[in-house]
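Note that chain A is present in both complexes that follow, paired respectively with chain B and with chain C.
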Partner chain A sequence: MLGRDEVPRRLTLRENDDLHIVFVARPGYSGNVDFEIDIVRPGANLEIAGLYLSNNGDKVNFNVCVRHLVGGSHSRQIFKGIVGDRAAVSFDGLIYVAQDAEKTEAYQENHSILLSDGKVDTRPQLEIYADDVKCSHGATVGSLDEDALFYMRSRGIPFEEARKMQMISFVSDILDRLPESYRNDVISRI
Partner chain B sequence: MSNILQIRNLHAAVEGKEILRGIDLDIAEGQVHALMGPNGAGKSTLGAVLTGRPGYEVTEGSILFKGQDLLAMTPEERSWAGLFLSFQYPIEIPGVSINNFMKAAVNAKRKAAGQSELSPADYLKLLKSKTALVQMKGEFIKRDVNVGFSGGEKKRNEIFQMAMLDPDLSILDETDSGLDVDALKIVADGVNALRSPSKSSIVITHYKRLLDLIVPDVVHVLKAGRIVRTGGRELVEQIENQGYDSIND
Partner chain C sequence: MPQSEDIIRSATQQEYKEGFVTEIDQEFVPKGLNEDIIRLISAKKAEPQWLLDFRLKAFARWKEMTPPEWGHLSRLPEIDFQDIIYYAAPRRDEDRPKEIDPALQETFDKLGIPISEREVLAGVKSKVAVDAVFDSVSVSTTFREELSKLGIIFCSFSEAVREHPELVRKYLATVVPAGDNFYAALNSAVFSDGSFCYIPKGVKCPMDLSSYFRINASGTGQFERTLIIADEGSSLSYMEGCTAPMRDENQLHAAVVEIIVEKDADVRYSTVQNWYPGDAQGRGGILNLVTKRGICRDGAHLSWTQVETGSAITWKYPSTILQGDYSSSEFYSVALTNNYQQADTGTKMIHIGKGTRSRIVSKGISAGFSENSYRGLVQVLPGADGARNYSQCDSLLIGNRCGAHTFPVIRNANPNSVVEHEATTSKISEDQLFYCNQRGLAPEEAVGLIVNGYAKEVLSRLPMEFAVEAQKLLSVNLEGSIG
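The block that comes next holds the complex of A and B.
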């Protein structure tokens, strides 16, 4: 596990490199989070996951650029988070697939839950110059599910706990990527 | 016999439109009351108002539950006090397992009563006996709440939750809708197993077939936001044979 200033932000993936990054922006973290990754050999596999739990005026800007310069490689970007209390999060994500980089698979997702008084800007982009590729991107910004909250409360689960359960479940696929002791620490801050 | 529920002149509105227009209802301990009536009469609205669902505004009247002012309580406080609604349309909660959901619910109720959390062994024992009651298999509790459930599984899950929470007043809102005969029997057997001299129920339904299995003490007919007739089981027969049009003020 690396601290915030130790994460290499410009990387090049070569033959059969398999890189998994999980970036967690905990409450109280503000800053620019830039990743610029070039895939220059076939067979490389990249996954970048991001989690943001931003509140109390936090400002987090993600800028993720994944370039597939040759074909036959995979990448997946998945960023999820919860934004409230005057926090602002932006996500700029680019998938670039060069001409002739055939058989590239590249996916990008960004999903946020917006609590009152938070702000999210999401700008997913695809730039694809090859023909035979599988690429997709998707972004959603939603709020807590009021019907589910009421359902939980009607079973006696207190309002704050019901909210917390819903928030944890929303980001559970990112939490599952973290080592257990660190995951519990992150959950305790939700 | 004391009243577990006492409703007086209850008026309630949804989005400014008045749905309940003066309900009076007393339910004694140990009684099962059937609530019948055409679509739009306000049956589900009454269930929603009793459980404190957001968006349902009480404009007039009072509700006492075990002598307490129910309308002053939050939805979770009503649950702790012993009120339960089996939803007509149970809600899906992706990412939350039935196990975690029920553990949180059971322990919140214990905490509110000043009791300690159940030990893992005692919780497991409770879980096993209640899943057996609705004939659910062990893996059931690992599934996300209602996600991908069939209609019958959703209703069995409601009765399972009711059994876990052991409420004093249960409202079953069209628990029979969309159930085949076998699922209906499982649900009715589950409800009947929980009947006792101190537990009461309100059974909202359109159909005699449920009330043949869960036999009510009292039957009410609700029309346009008012109870227009109260009687015994003969009302069920009359509705089955002649429809709601045969019953008027």
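The block that comes next holds the complex of A and C.
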């Protein structure tokens, strides 16, 4: 599924379903992005990736809820983005593991780089009622690495380009999931 | 090591050993809450007018507020605030006003709290100054004279109001305003006693200070208020402990702790919370609804360490406002819930000053039918250049009928700051258990051992005696959780 397509907001995964979603919020996009996904049969596999490049007062709200209602399924959420110039991004993600949904593996990550006067609110949440599970989440909000910029500049890469390279590398694992033509389009907007 | 054997032995045999009731003549105010009750409490403590006004104002605010419902606490009952006795105190013996009632002495002896200096001086216990609070009053504060030589004020809150009104007035409700939240407002209206502590400029407190809270009377609530002020460049290690009798009813404990850490001062605040958690069917137990908050000025440091094994319901978020530049704070917590206990606990770190740093390490352990939630906020304001936070929240599930949850909130509005959060949820692996069993440890002992290892990062930060007690508690409270 591509980001240009209409995204169904509510999904149910059954036996051995394998779903990969990549959502890209390009500069200039404002809005709410909601995913509500129920996993109701074992063996399902879910991967949701999100990328946001927000500036110029963009407001993007991600609201992701993944429910593991039975055991033996996997889910992975990864959301990354760069936020600057009066943009505000919020990420509200929940992994819910129901009672007796043993052998669930669920992971959730949200990483943001904050440029000048951007704002990030992130709420990665775990609600777990089964014990034999592997669940984790991680969230970071940080800035561009000064040392890396210095390294590149001392090797003759101009400041702006060095910044851009660092931003591209930061989101590269999401870019890799996109088809090539679309990927180049996204890179050109960073 | 004889000590670890001891821990294991006591782990397999003990129940809540602090669950006894002291038979003592007590005076109560009538049940219920209204302005007259507040006036009566204030009059009993012979308080000045400004404090009564403060209480009444808080009460007016409280009446307009509603209890917070966002906690993940399905078993928190609706509390009838008119069905609580707001003040209960052991009756003073008119003939011997200076001495401690033998029954009280015995109670604290039984709890292992040194409220007489003799024992400590004889070297039986290590040197800790204690303020012991029994229901609504402080019954004894030790080592006051020795501390006062250094200019340190350590006394009950009521005494502080009488003897140092200027300090109390200057700092009271500056960190937790009267209308901060529902329970803080209630506390501000009816608070009875608590500890007051002032460390003057540049003084390093030579011994640990501690408060010990004991609920005894039935049908009462405890509303203590603690105010700690560490003036410029001073340092202090403070400990807090608490227990209550076993009863089928729920008892309310709504405390407020305020800590002011002035420039370059350093405060360590440690809590071992061992309230009665209710029985195995979830009947009774303390409802612990507490507001704790500290403020750090330039270069100051505040460290929270807590081990929680007790209370039926815990709703507690020790927080730090990092107002001063280059101030720092830590939050280390182990929260254990078993049977039908529910805990919703965590911390808030508000980064306001430049170069502020905070670190959160939270270890939740849930067993039985309990629910254990971490809820936290890390907020970086636009002016907090170079702020840094690292949070780690691990949950351990023992059994498949309990829940472990993590609800962190990160708000970052500064591009020169770094905030990191990670959390994991897991159970004790079969391999670990098998390894221990194979070497002759029974399943329960093995779990105790593994849990203590899991919590070690936090336990190692506690002052010595507390660490031993906390280890024992963790083992005891896990008893029967393996099935």
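Just so it is clear, the second predicted complex is superposed on the first by the 185 of 190 C-alpha atoms of A that agree within 3 Å, B and C clash if a C-alpha of one lies under 4 Å from a C-alpha of the other, contacts with A are read in each partner's own complex, and residues count from 1 in each chain.
Rule of thumb we're sticking to: a contact is a pair of C-beta atoms (placed from the backbone, for glycine too) under 8 Å apart; a residue touches a chain by one contact, two chains touch by 3 or more.
Please read all numbers here as calculations on a predicted model, not as lab measurements.
Visitor: Contacts for A:Phe35 in the overlay, against chain B (first) and chain C (second): which applies, first, second, both or neither?
Guide: Touch status of A:Phe35: no partner.
Visitor: By residue count, which of the two partners contacts chain A more extensively, chain B or chain C?
Guide: In the superposed model, C touches more residues of chain A.
Visitor: Please indicate which partner A:Arg155 is in contact with in the superposed arrangement: first for chain B, second for chain C, both, or neither.
Guide: In the superposed model, A:Arg155 contacts chain B only, not chain C.
Visitor: Quick check for you: in the superposed arrangement, does A:Phe79 touch first (chain B), second (chain C), both or neither?
Guide: After superposition on chain A, A:Phe79 lies in contact with neither partner.
Visitor: Does chain B (first) or chain C (second) touch A:Phe23, or do both, or does neither?
Guide: neither
Visitor: Can A:Lys134 be said to touch chain B (first), chain C (second), both, or neither?
Guide: A:Lys134: touches chain C, not chain B.
Visitor: Is A:Ser169 in contact with chain B, with chain C, with both, or with neither (first, second, both, neither)?
Guide: Once the two structures are laid over each other on A, A:Ser169 reaches chain B alone.
Visitor: Could you look at A:Asp121 and tell me whether it touches chain B, chain C, both or neither (first, second, both, neither)?
Guide: After superposing on A, A:Asp121 lies in contact with chain C but is clear of chain B.
Visitor: After the superposition on A, what does A:Asp147 contact: first (chain B), second (chain C), both or neither?
Guide: After superposing on A, A:Asp147 lies in contact with chain B but is clear of chain C.
Visitor: Which part of chain B faces chain A closely enough to touch in the complex?
Guide: 51-54, 74-76, 78-80, 84-85, 87, 90-96, 100-102, 104-106, 108-109, 112, 145, 161, 165
Visitor: Any idea which chain A residues touch chain C in the complex?
Guide: 84, 99-100, 102, 112, 114-143
Visitor: In the complex, go through chain C and note every residue touching chain A.
Guide: These residues of chain C touch chain A: 380, 382, 395, 397-427.
Visitor: Which residues, counting only chain A, touch chain B once they are in their complex?
Guide: Within the complex, chain A contacts chain B at residues 145-148, 150-159, 161, 165-166, 168-170, 172.
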